[in-house]
Structure formats: C-alpha cells, structure tokens
Amino acid sequence: MALIDVRHITKTYNSTAVPVHALRDVNVHFEKKEFTAIVGPSGSGKTTLLNILGGLDAPTSGEVLIGGQNITGMKESALVEFRLRHIGFVFQAYNLIPVLTAIENVEFIMLLQGVGKKERHERARTLLADVGLADRLDSRPSQLSGGQQQRVAVARALASRPRFVLADEPTANLDSESTTSLLDMMEEMNAKYEMTFIFSTHDARVIERAHRVITLEDGRFQEDKQ
Amino acid sequence: MLFLLAWRNVWRNVKRSTIIIVSIALGLAGGLFAGAVMMGMGESMINSAIDRNLGHLQIHSPAYRRDALVSNYIRSPQKVLSLLDTLGSVKAYSARTLLEGMASSANSSYGVTITGVDPERERETTALVSMLVAGNFLADKYRTQAVIGKKLAERLGLKLKSKIILTFQDRSGEIVYMAARIVGLFKTESTAFDEMTVFVRQKDVTRLLGARKPLIHEIAIRLKNSSTLPATKARLASGFSDLKVEEWREIAPELAFMSTSVESFTYLFVAIIIFALIFGITNTMLMAVMERIHELGILMAVGMKRGRVFIMILMETLLLSFVGGMLGMLIGGAAIAWFNHFGIDLSAFAQGLEGFGSGTTLYPYLPGVMYAALTVMIVVAANISALMPAWKAVRLKPAQAVRVY
Amino acid sequence: MLVKLAWKNVWRNKKRTLIVAASVMFAVVLAILMRSAQLGSYAYMIDSATHLQTGYLQVQHRDYRENRSLEKSYVPPVGLKDTLTQMTGVSAVAPRLETFALVSHDSVTRAVGIQGIDPAAEDAMTRLSKWLVKGSFLEKGDSSLIMGAGLAKKLNVTVGDSVVLYGMGYHGQTAAAILNVRGLLELPLPQLNNSAVLMSLSRVQYIYMAPGRVTALVMMLDHPDEMARIKTELARHVPAPLTVIDWQEMMPELKQYIQIDNASGLIMLAILYMVIAFGVFGTVMMMTAEREREFGILNALGMKKTRLMAVSAVESVMVSFIGALAGLALGIPLALYYVEHPIRLSGDLAAAYETLGIEPVMSFSARPDMFGAQALVVFVIAVFCALYPLFFIRRMRASTAIRH
C-alpha cells in the first residue's frame, strides 16, 4: 500500500472571471523514505498539489488516500486532527510563533497532541540537537537567522512523529550556504528517521539533491525521474 | 499554555497594548470618579436632610400621614417615649407639635409649618442649633419666642428681635394668633426649609391650643449609627402597631430617588464610555489579528483547532482588559480616596446646591458594589469587542493564509 | 499635485480608509448624542420651569423680589402691556397678582398661595388648563376659584363646595371672601399641587382691595436664546420703579443647578474625548505600521521624506474630514429623531424626575452650533493623531522598512 495515493486530482478555481485550472487529472503515489521534489514553473500547480496532499485544500474532483485512508471527503475538524498527528509542515516563512523560544516552538506541537511534559522536553532537545541547534534552545525566532528558523521548523515538523513532511519552497528565502546546510540536514533526517520528505521548489540546487523529481506544467503531470 | 501564549502575545506590541490598557483604565477611572462625585452629592443631600430635621426614623399617627390636621396627634405618646428611652440604638428624639399656618409681618405673609419643640430635645436630635447665624435657640427671656430661617426673615422684612405673627387653627377650627419675638435666625443647606419652617417652644403652643399636655404629631428619632435602622424600626413597629413608624426614605422618598437616579446616571455614562471603547478595541484587535495572518494560518495548518485559536485571541483581550481594569480601579479609587479626604469645594455653586439641599463641600464616595459592577461592565465590553476579530481570525482558510506573496 | 496624490491614496485602499474614517465617524456620533442629551435636558428643565412658574421675563416693582408683599404691587402704566405684547420675540404677556391667604373648609384651614390671573392670557402662555382633572377652568371675571388637587384633598373639598378665604389686603386691610370651587388641577410639582389657588385677576384685586394692581407682568418668548436681547430692549420701555428680571434671577437655584450639571457634563464629555482619542490613535498607529513597507519603497524610489510626510498629512486630514462629515450625516438625523421622539424614562430615574415636577423624558437638543462643535473637536483629535505617522516617517529607514 502506498504511503500517499493521489488519484485523478483536478482543482479549478472559479472565483475569478476566467476559471483557473490549477491541476488537471494528476495521478501519482508516494512511498516511505522518499526524498522527493515537485518542480515546475510558477503557476504550474505545485503549491496547490502540496496543499491538497496536506489536506489544506480540497480537490474539485478525485481523491487522496493516505495510508489507505481517504482524506478527500473528511470534515474540517477531522482533517485538523489528521494533520496534527500524521503530517508535518514546513512553510516558506512565518513557521514559528514569534513569542515562543525554539524549544517551546518544538514542544508546542507535542502539547497540541497531548504528549507528556517529560517526553516533550526530551524529544524537543533531541530533535533540535539533530538539526544542529543544541545551543540555541532558548532563542526566540527574531534572534535566529533565516536558515536557523527553517531548521527549527523542520525539528517541529518531525516532533509530531508524522507519516511524512511537506515543505513548500523551504529554501526560497535563504542564501546558498543556508540552502545547502538545510538540505544536508533534511537528508540526514530522511535517513535517520526514515521520514518521507516531499517539497515543492524551483531552485536548481534543491532539485539536484532530490532523490525523485516530479515535474508539473500547467497543472498537468509531466514526468517522474528518480 | 494558551494562557502563556496569550500573555506573551499581549506584550509583543508594547505600544498597542499600552494604548488599549490606558484607554480602558482611563475610561473606567473616569466613570468611577464621576459616579463617586454624584453619589457624594446625593449622600450630602441625604445627610443634610437627616441632620437638619428629618432624623433617621419618624413616628406619626396613621391619620396624620393621610391628613396633616391638628386633631391627628398621637394619643398616648408617653408609652413610645418611655420605650425610646430604653433603646440603646437611639441617640436622641424630639416629640414635636406641627401646625400649618402663616407667618406674617407688617407688610407680608408666608405659608409656614410651625414646629413646637422642647428646645433641649431638639438640640440633641438635629443639628439645627449649629446652623444658627444669629441669636439663640428658644432660650431667651421673652414670653413667646420664635426661631425662623434667615430667608424667611428677609422675605417678611424682619430681623432679630422683631415681632412675628403666627396664625394657625386650633382643634375646634378657630383661628389662633401668636405674636412672638424672633430670638434666633438659622441658615441650612436647603432654601426651601429656611423659608417654610418656624420653631417655637412647645409649651407656648400647647397653651394657645387650649390643651393641658402637649399635642404630639411627630416623634423624630436620631440613631447613634444608621446601620441599626432596620432593627430599631422593626422593634418600634412591633411595639406600636397602631402607629406609623417610618424611616427617612419613606418620609422623603425624593431623597431616596436622588441616590438611585444618580446610580442610574453613572451606569449610563459608563455605558457611553464603553461604546467608545468597544469600537477602539475592536479596530485595534482586528489589526492585531490581521498582521498575524500568516502565523495564525500556519497554526491552523499544523493542527491547532480553530476553537483554540479563537480562545487564544479572546484570552489576549481578556488579559488586556483585566490589566486595564485593575489599573482603572486603582486610579479611580485613589482619586476618590484623595478627594474623599480633602473634599471638593463647590462654594461657587452654593445657591444651586442649596436649592436642592446639598452642602457645598462634596465628599465623593462609591459603594463597593458599584466599583465591582462598573469594572465588570468594562471588562465584559472589552471582551465582546474581541469577538469579531477573533471570529475573523478563525475564518481564515489556512491554504490562503500560508501563502506568502 | 500633492493633494491629488493624497486623494488617490485615500481611495486606493478602501478598507483602510474606511476603518479610520469609521473610527472618526463613530466618535462624532457618540459625542453629538451625549452633548445633545445634556443640552436637551437643560433646555427641557428651563422650559418646564418657565412655563409652569415664572415665564422667561417678568416686569415687577424693583423691591418686590426681596419683599413679597402687596405693598410692592403696581398699576401697569397705560400702554405698557400692549408695547410688551407687540415686541418682536415675545409670544405672550399675562398679568398676575400673587399673594397669600388662609383657606378653610369645615374645620380644616390651610395656608395657600393665591394667584390672580387673566385666564385666557395665562392659559395661552402656561397651558395651565391641560392639568385640569375635574370641573372647569376659570373664565374672565370669574367669581369662583380653582385649586391644586393635593390642596383639595387636604381641605376635603371637591367641585361645587365653598371655601372661606382670609388674607391681608393692600395697605394692611383685611381680605375675606367665601368662594366656590369650580375646578381642580393636578399640577406636576407637589409644592404647587398642595398649595395653589387660582382666581381671576379682577376678583383677587377686588377681594384684596387692590384695584388695577398687579405684582408682575409675565412674559413668554418665541426663542429662549433671544432673552438677553429682548430684556435689554424691554428695559428701555419700563419706567422706574419697575424693572425687568429674567428666570435666572427668579430661580437662581435652577440656573446654578444647570451650571453644575453643565460643568459635570463637560467633564464627562472630556472623558469621552480621551477614550475616543486613544481609540483613534490606536487605529492610526496600526494603519501606519501596516503601510511601513509602502512608505519604505516610496522613499527608496526617490520620494523625499518631507514630501512623504506632507502627503500622509493631507491624507489624514482628508480621511478625518470624511469621517467627521459622515459622523454629522449620521449624528444630525439621529439627534433630530430623538428631539421629535424623546426617550421615555422608567423606574427610579423617572420617579426622581417627577419629584422635580418634570415629565420623565430624556429630551435632546438640535442646536446647530453643538453639532459643529462636536464634529470639530473630534476632527481636531483625529488630526492630532495624524502627527504620529509623520514622526514615524521621519524615523523610518527605507531599507529596513521594505523588508517588512
């Protein structure tokens, strides 16, 4: 059984005068331990696909199965719960709560899950050490560089023990050095925790490092290279 | 944990939070102080009336309360007076003869209430004696004496030692004339009282009424402490079921109305302040939410239920309003306490204040209940103003909110 | 050119403009309603008191106020009454002879106030007949009397009964008569209701042996605001020893009460302004923060800061002006509505009003200068708040601003 099974997904936005066909009949599936990039020019629909994978948006038609479970028809409240327990997110920016420290940010997600205090703290420390920020536990986001903030975001995403992590253009705001180290770290996590990473990007350096590349254009699935 | 988050979010933007807190504090403090001043005025009126003539309790025959006739006097006053002598809560009492009649001089006359009193008893029961501006209180050497208000003297064109003619009816309806020497002039906080009240010695009118013992129409009672009022009233009422025992509130209901209407005004004023506050706070909180749109969107994407986001924002406003409320109570309370101690001098408005019987130095005060009520009103209002912004926040679609461009 | 740019900016972001303008508008409406209610209550109190008791102006003997005796009555000079009636701004003139008496029925006697009136003129002026609850109102030259219902109760009389009147006439002569009660009035002021007796002027003059004499000529005006002007003009036509006095001199307690109330009202208004100021300032502050990026870009692109500040200032003035106008547009009709439909009070508040002899309604005022004043104050507050963006722009560094 595939980790994620995407079947005949179509997404059309009718809010403007001319309807926008963001995705047209996309079929793809993902397995465990993947390190996959979804690429394509602007407007190709990669963010839309990522949103649908994460249950943040509902497709106009088609279905998404995660671990065999169909999340397409799920109610809002069930989806929130599902995302909390099974999906990790890293966004381009604004990932962290500005008024909490790094470790508090990582602990926050576990708090929402109801994890006990001791375990929360342990796991948070471990993960932050993993991403190389053992010495910045008590720093607030404003005291961290862009790259460091994204690392904390990854630690947080992993803290919830999800089935996979979705990252929407995680390196778009970073310089090349930070980009490289972030990717290094993500690959490490992919190996260490056997965690699936699916990210959207149009950065060539990132595409290079991906184990699998899915290309979209005009909302259509183009190719799938390993 | 939500609490911690809310608290830290409050201090995220110090300027904005300070503005909200200060406006709540000022609005509340303003309302509290305004209310306290008005209540102080009402209290002043009530105390003036009680001290001047009313006393805490009064006893009449029920017939007199219906019809203020000479013939409706209390039949066996001695029993009442004996009981009053034994009650510990009673400071003093005065058994009065009341006659409605006219006071005339050579060129003028005026309708008055002629009050026949035992000067010693009256002196202990009311503070009138301290309000004499000339002469003495019926302690002079003349055969028939009167003490009148300065205002009445002016109206009639009379002075100390002038002769005043008092006219009234006796029990058989015959007109009685009483020529008296003015031995004292008083000036109280109430111009109406000064114009309409004439004091004479009870034995003088008793004689003219052709009675052997004084006819008592009214027993005015002053208590040592007003808190004993309900108990004393009950004791007297049960002891004398054929007489009407009433407290000052029932004799002069307009005084009681004044204080309750002052309460209503204060609540009204604070309500208006609240309207102003609600708008300001809603606006500010709305913007506070809008500037966090990405962060909130991501929170909901990552798995925080909408309900919790809603509560988090409400909590921020709760904390702001709580701090503002406490500050407001502090400022308002301090101002009230300060002026309560030193008093506010309003002698420039003496005439107006005397027109409705209030003294010219005000001591603002606010009953504890109102402190609490007004503070609660403001805090609740502040939180209501957060409802809309909080609702807006949770209506965000995470997919849209997380988009950066 | 600057103005055009400012104007375009204002309409570019409708939501933002709306929020600030709405803030100002709401403030104006609140301030208008509060002040309108305050002024309305004073006007109402004055109106009630003058109608029921003293009128706006009175012509009296100059010693009468301190010495209220018939000795200080006077015979109005020929033509004076007509002159007064014809004066512009005077709506009615009525003569009165006021004095005291003892009135008795069976064995009950009461001290009362006697008012000799010209029934038609008086009624036109004070609308006295509307308080009639039993019997009928006085006619010219009437030999009967009407009295307050409270007094009737004390005397135990009703319409058709006779009472004995006994008083001190002009030059100290005894005044006595037996009179028929033809009507009862339920007067709103308890003091009046329990002691007022009204008779036709000629009858009182006869009984008190004061032919042709009055204690006052009472005048009502079309517009209370004209009182000062009319009083000065009247003074020229009124010969010594007569004088013209106004209600403020006749009822100084009412005047001072209104002064106190007005003073406290202004203080409350000031508190309201403070709260409003904070609200508007908070709004402006947030708006400015929101536009930080925009300002930074403009500055970086080459727009001098002073220019930026000027545009921002003009924008603020425009938005505040729009808000103030909107506030007037909403506030004026609202106030006018309440003027026509005053709010009925209930409960203890209403009872308090009634003991003062005033109908328990909250009335509103629609004075044009009041509207303008409130709008102006709020406008000024808003413009002051607009100083904040100017400071903000001055301190701003374009490079950091853009990154927001």
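Labels for the chains are A, B and C, by order of writing; each one numbers its residues from 1.
To be clear about the criterion, contacts are C-beta pairs under 8 Å (C-beta built on N, C-alpha and C of every residue); 3 or more make two chains touch, one makes a residue touch a chain.
Worth saying up front: this structure is predicted, and the values here are computed from it rather than measured.
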Inset, instruction - Report the topology of the inter-chain touch graph, choosing from line, ring, star, complete and other. - result: line
Inset, instruction - Please find the two chains that have the most C-beta pairs touching each other. - result: B-C
Legend entry - For chain B paired with chain C, centre-to-centre distance based on mean C-alpha positions, whole Å: 25
Legend entry - Centroid spacing, where centroids are CA-atom means, of chain A and chain C in whole angstrom: 70
Inset, instruction - Using mean C-alpha positions as chain centres, tell me how far chain A is from chain B in Å, no decimals. - result: 68
Inset, instruction - Provide the residue numbers of chain B that touch chain C in the complex, in ascending order. - result: 15-16, 19-20, 22-23, 26-27, 30-31, 34, 37-38, 67-69, 100-102, 104, 106-112, 154-155, 157, 167-169, 172-173, 175, 191-192, 253-254, 257-258, 260-261, 264-265, 269, 272-273, 275-277, 279-281, 283-284, 286-288, 290-291, 346, 349-356
Legend entry - Complex contact set, residues of chain B against chain A: 1, 5, 8-9, 11-12, 294-295, 298-306, 398-399, 402-404
Inset, instruction - Flag every residue of chain A that touches chain B in the complex, lowest number first. - result: 47, 51, 54, 56-57, 76-77, 80-81, 83-85, 89, 91-95, 97-100, 108-109, 111-113, 156, 160, 168
Legend entry - Complex interface listing, chain C residues touching chain B: 19, 23, 26-27, 30, 33-34, 66-71, 100, 102, 104, 106-113, 154, 156, 166-168, 172, 191, 195, 252-260, 264, 267-268, 271-272, 274-276, 278-283, 285-287, 289-290, 347-349, 351-353, 355
